[in-house]
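Take a look at these structures.
In the two complexes below, subunit A is the common chain; its partner is subunit B in one and subunit C in the other.
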Partner chain A sequence: MAIKHPTPMLDELEKGPWPSFVTDIKRAAEAGKEACADLLGQLELSYNDKEGHWKHGGIVGVLGYGGGVIGRYSDVPNLFPGVEHFHTVRVNQPASKFYKTERLREIMDIWNRRGSSMLNMHGSTGDIILLGAFTEQLEPIFAELTQKGWDLGGSGSALRTPECCLGKARCEWACIDTQDICYNLTQEYQDEMHRPAWPYKFKFKISGCPNDCVASIARSDCSIIGTWRDDIRIDQAAVAAYAGGEIPARGGAMGQGVKLDVQKDVVELCPTGCMSYEGGKLAINNRECTRCMHCINLMPKALRPGTDTGATILVGAKAPILEGAQLSSVIIPFIKMEEPYDEFKEFVANTWDWWDENGKNRERIGETIQRLGLQSYLDALGFDPVPQMVKEPRSNPYFFYTEDEVPGGFDRDIEVFRKKHAR
Partner chain B sequence: MPTVTFKGKTYEVDEDGFLQDPESWDEDFAYYVKEEEGISELTDEHWKVIRYLQEYYKKNGIAPMVRIMTKVTGYKLKQIYELFPSGPGKGACKMAGLAKPTGCV
Partner chain C sequence: MLFRIKGGNTKMAEMVANRITDIGPPKYDEMWPEIIKNNYGKWLHHEILEPGVLVHVAESGDKLYTVRCGATRLMTTHMVEDYCKIADEFCGGYFRFTTRNNVEFMVTSTEKLEGLKKALAAAGNMPIGGTGHSVTNIVHTQGWVHCHTPAIDASGPVKSVMDALFDYFTSMKLPAQVRIALACCLNMCGAVHCSDIAILGVHRKPPVIEHSHLDKMCEIPTTIASCPTAAIKPSKVDDFKSVAVNADRCMYCGNCYTMCPAMPLADADGDGIAIMVGGKVSNSKCMPKFSKLAIPYIPNEPPRWESTVKAITTILEAYVSGAKRYERIGEWIERIGWERFFDVTGFEFTKRHIDDYRFAATTWRTSTQFKW
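On to the complex of A and B.
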């Protein structure tokens, strides 16, 4: 039985209906996990002090890899020896996080023996997070994980673990096979993931449709979002059933008894106003549709994405530090995404080349694009600019021209000018 | 702070084994570090990387970016890992006596 620390403040968090992390950690502590008892003790101390008790930084890892483990040390190890070392191991999750119990037991068997037995399921980037290991356990944990077919995820100035929505596994809106893309990219770029080589971190996220269930547009440097370029498929009989209240709107999410007002809830809320509903018939002017998913979300049994599917590729999302938060911007309005994804990978190779060559230390690609201009990035990609890349044209007149665009070039003689314009 | 003693000399290091004071670095420290970083023998190639890191650090006050290091030394990242299995940060920088890398590592 590990040392017990009194935790009056944490005990408050065992009350109430939501699953309590305190209760969970206590259960592991009572089973004899000193790391869990000491973690609660240190956390209680932090609740009292209102400040963290982990030392700055920490550089640990496994041989052959430059990332995957986040080192962490307690700054009060004499009080809480069980968390003197509290390293985090990132384990690459299966795409969309589908598991068999036997595989989870496999991980937990290793983790119960060699770590704290605490986890995050999952880290925000997608990894399985093993929370709290001592340095001397890292290589054995790694050896046992790899022997069972698991590998570490990414950390540091490297490709981070890619992640995707559940895609075609159980969603009728998936326009691309998100899991296959996620797995394919993960395998293709193992080196870039395990051995940091870049100015800073880089993340891929793959969503099957514009609902963007992995928030790729906000949380990945390269967002791959499924879309289509032909017509939305309409089942008029099902539209009538929605209008008549036989099928609840939005798959019942608004309540079972909610009757859909097709005109008010769908047609009038379409952002481009490209729909009409007359004489019980729904019509869509697909040329004007921006594929926002709203009508499809409301009437999943009546409307479906088109069949000519692919993805929109957006680049540059990041959190605020250093130059402000960004969402990804459109770089490729439409690209077919079919195995082996060669065209996409060529784009990725050119992107990394340009960013690695031009990016400053700790500069996300979104900031590099901001600093050097979208044009510079497009030149490196060999892309022509298209209107879809901007929300609106620039409002200021500070345009750069290249010398070859200007008749006579930039080399001018003041004396020639003076012949016509005296001082 | 923990200390390590090697060949009769004592070095102050942190939990990760990084030298606390770059001034206290000497060649023996590199020999001490090589054991825990999975290196059996220090070759001229190792020393080329170590010396480069130290010069850059002395001149610029930071460690070089990976791309700059690979360009100047002529070693591809793959070769760097062959020389230093735990990589340029945890392996080479530690051995060269540079300050510990920070940030989202």
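On to the complex of A and C.
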């Protein structure tokens, strides 16, 4: 097939030191992939027109699954027949995106034979995104994938594929087993992922510590973020080595030669002012620490999270569509998060029940909470309010009381009132 | 659902009978190299040896060296095969991707590390970097390559920006890490709302309405209900049942188009890029922050998006010369004040910078404390 269309604009994107997606796609076109040759042609057209050339929507899928495939058709199929259909298949990625090459090649083989050979490693939600299949290939692709032990992820108004940071696999800061939680939840909620039944999408993301490397606080309806309740572990000998310049600042994040100033860089930048450094000894008043990770990030050899670990559960992050962007809010300040995660799953069941009952069509749970109030959601969960749930108490006095909270209720007699107060 | 299986119904029935469903992903530990199996949950500390190269040390004394490389998130199976070959040759057949679409190769000795680095350099399309105080890979979405609602392309602007910032990817000379994200429309699939620098595709014209087809393609009540600002109302045009859009109330979010394909927004002159700055996700030091508007509109300039690249370079250079060590872009701006941010970048402050959407009042200044 080789290159079919001239692409003077896209050719400009082959210049420069960063890897070029254009060069890569050309390679696949030259190897005979018509879809790639035509994708380049259609993209060049978009670069000329400054408008995209994909049709809106197109409902396709695999039998029995409501999600996992996103339909896509070219609006100029006569010019670019190789991308007339260009449907996306979302494949559920293994936790933390580790791969054994042998297993990854199973997908590549299927995709070379039956798809465009274009893909995203990975989509923003975390799935492996196979980009560009014809409708008649969808069932065979699905059949071959599942025979090899791979399944589709979520799309539509369903549970989206859960995602986690690499956690205990290679990070000394992980306070929870992010990979196991991610895998366990993914397996538990297969039905919720593949057969959409909700007002809108729902996402779990799991980070092992407050650094939140999968940005769960910004982009998941339910954020599970590892934390601890006891004291930060300190190795005073290592503190001295940082102070002496034997260990580079921040684990070498600015280069090997850069020396840490323990007082200025660590103690004075602690947001709660709960650290002190006297006579070469670092002390932390752990009761006042908010576990922000700053000091640990700066001295990974000297400081470690505590050992009484668990997670903070936050709910409700979303992008601006429709009511404006929201970050997740604290709902459970601390939960142990130990296998089989029953307490967490009970919380999830109650959350979904409440959202199902109260959420409007295309309303993320964060918006439902905003519309009906956090208290309504907490009441449904049966949770008591705690100060950890808010940044500050309200500054307006417009409370809502229920009738049974005030002695005598809301029903009053105007005649009784008038006996004491003239009109 | 539509099915078009070649071979007709018999084949379909066969496939359905033997279906495997709901098996979920392969279990995580199947994808781990031996050293991770042996040291899971037992890592002690780590260090960045040079840009892009990390060492993690376990309680057992085992050392794991990681080399991080930049990648195009949009790739072909050929590129994946390139990664697999490197992983087979040096890493026992294992490797991983990061959430920011970098690739990581892991080895267990310094000798293997040297060989790996040489092989990556020889490959030419696997730049090493993206650790510590660097600009790492740009999280981004689909753009003109695949989505139906974009205002901009994704991969092209990302390539152009990363070419310009390449030196900040391969070095660690910034005051702190800088995270850039791109989303090609207001849906923000790429979640750019909490990034140090966000590149966001925006429309500037209300939808164009295809009255002759609207009633056939769309449900009118759902279309009306989809608008967050109630800008849409029913309307009869040339005997067609259709809708009208009150242009004054439209903020070009595209939600109506999602519901109704007869209301496209894309427009060569209307569409372009907004730049937001100062957001972050992590809880380190200050709390997570949203990104705020720096530049409301830059026209689409394919293929190399020069003005966008220049704006981002300007922000980065101002940050490098003005920020203190460990200050993220948002912390730096809050310290110097937004007045100074517009001074040092030379960006124009316009009426678009004054919020006029919901909750706008929370962003107005309610103090006499400000700078001249």
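Things worth noting here:
FYI, the second predicted complex is superposed on the first by the 421 of 423 C-alpha atoms of A that agree within 3 Å, B and C clash if a C-alpha of one lies under 4 Å from a C-alpha of the other, contacts with A are read in each partner's own complex, and residues count from 1 in each chain.
Just so we're on the same page, a contact is a pair of C-beta atoms (placed from the backbone, for glycine too) under 8 Å apart; a residue touches a chain by one contact, two chains touch by 3 or more.
The model shown is predicted, which means the values in this text are computed figures rather than measured ones.
Touch criterion met: A:169 reaches subunit C, while subunit B stays clear of it. Judged by the touch definition given at the top, the superposed model places A:383 against neither subunit B nor subunit C. Of the two partner chains, subunit C is the only one that A:21 touches; subunit B does not reach it. By the touch criterion defined above, A:277 reaches neither subunit B nor subunit C. Once the two complexes are laid over each other on the shared chain, residue contacts for A:60 go to subunit B and to subunit C alike.
With both complexes placed on chain A, subunit A has more residues touched by C than by the other of subunit B and subunit C.
In the superposition on chain A, A:334 makes contact with neither subunit B nor subunit C. For the contact definition in use here, the residues of subunit A common to its subunit B contact set and its subunit C contact set are 55-57, 59-61, 63-65, 135, 191, 361-362. Residue ranges on subunit A touching subunit B, taken from their complex, read 55-67, 70-71, 73, 85, 135, 155-157, 191, 195-199, 201, 356-357, 361-362. Those residues of subunit C whose C-beta lies close enough to touch subunit A in the complex are 1-6, 12, 15-16, 18-28, 30-32, 36, 40-41, 43-50, 56, 64, 66, 70-81, 84, 87-88, 93-99, 101, 106, 125-127, 131-133, 139, 141-150, 153, 155-156, 159-160, 162-163, 166, 169, 172-173, 177, 183, 186-191, 193-194, 225-226, 228, 253, 255, 257, 261, 264, 266-268, 271, 281-286, 288, 290, 300, 302-304, 325-326, 357-359.
Subunit B contributes residues 15-16, 18, 37-38, 62, 65-67, 70, 77-78, 81, 85-90, 94, 100-105 to its touches with subunit A in the complex.
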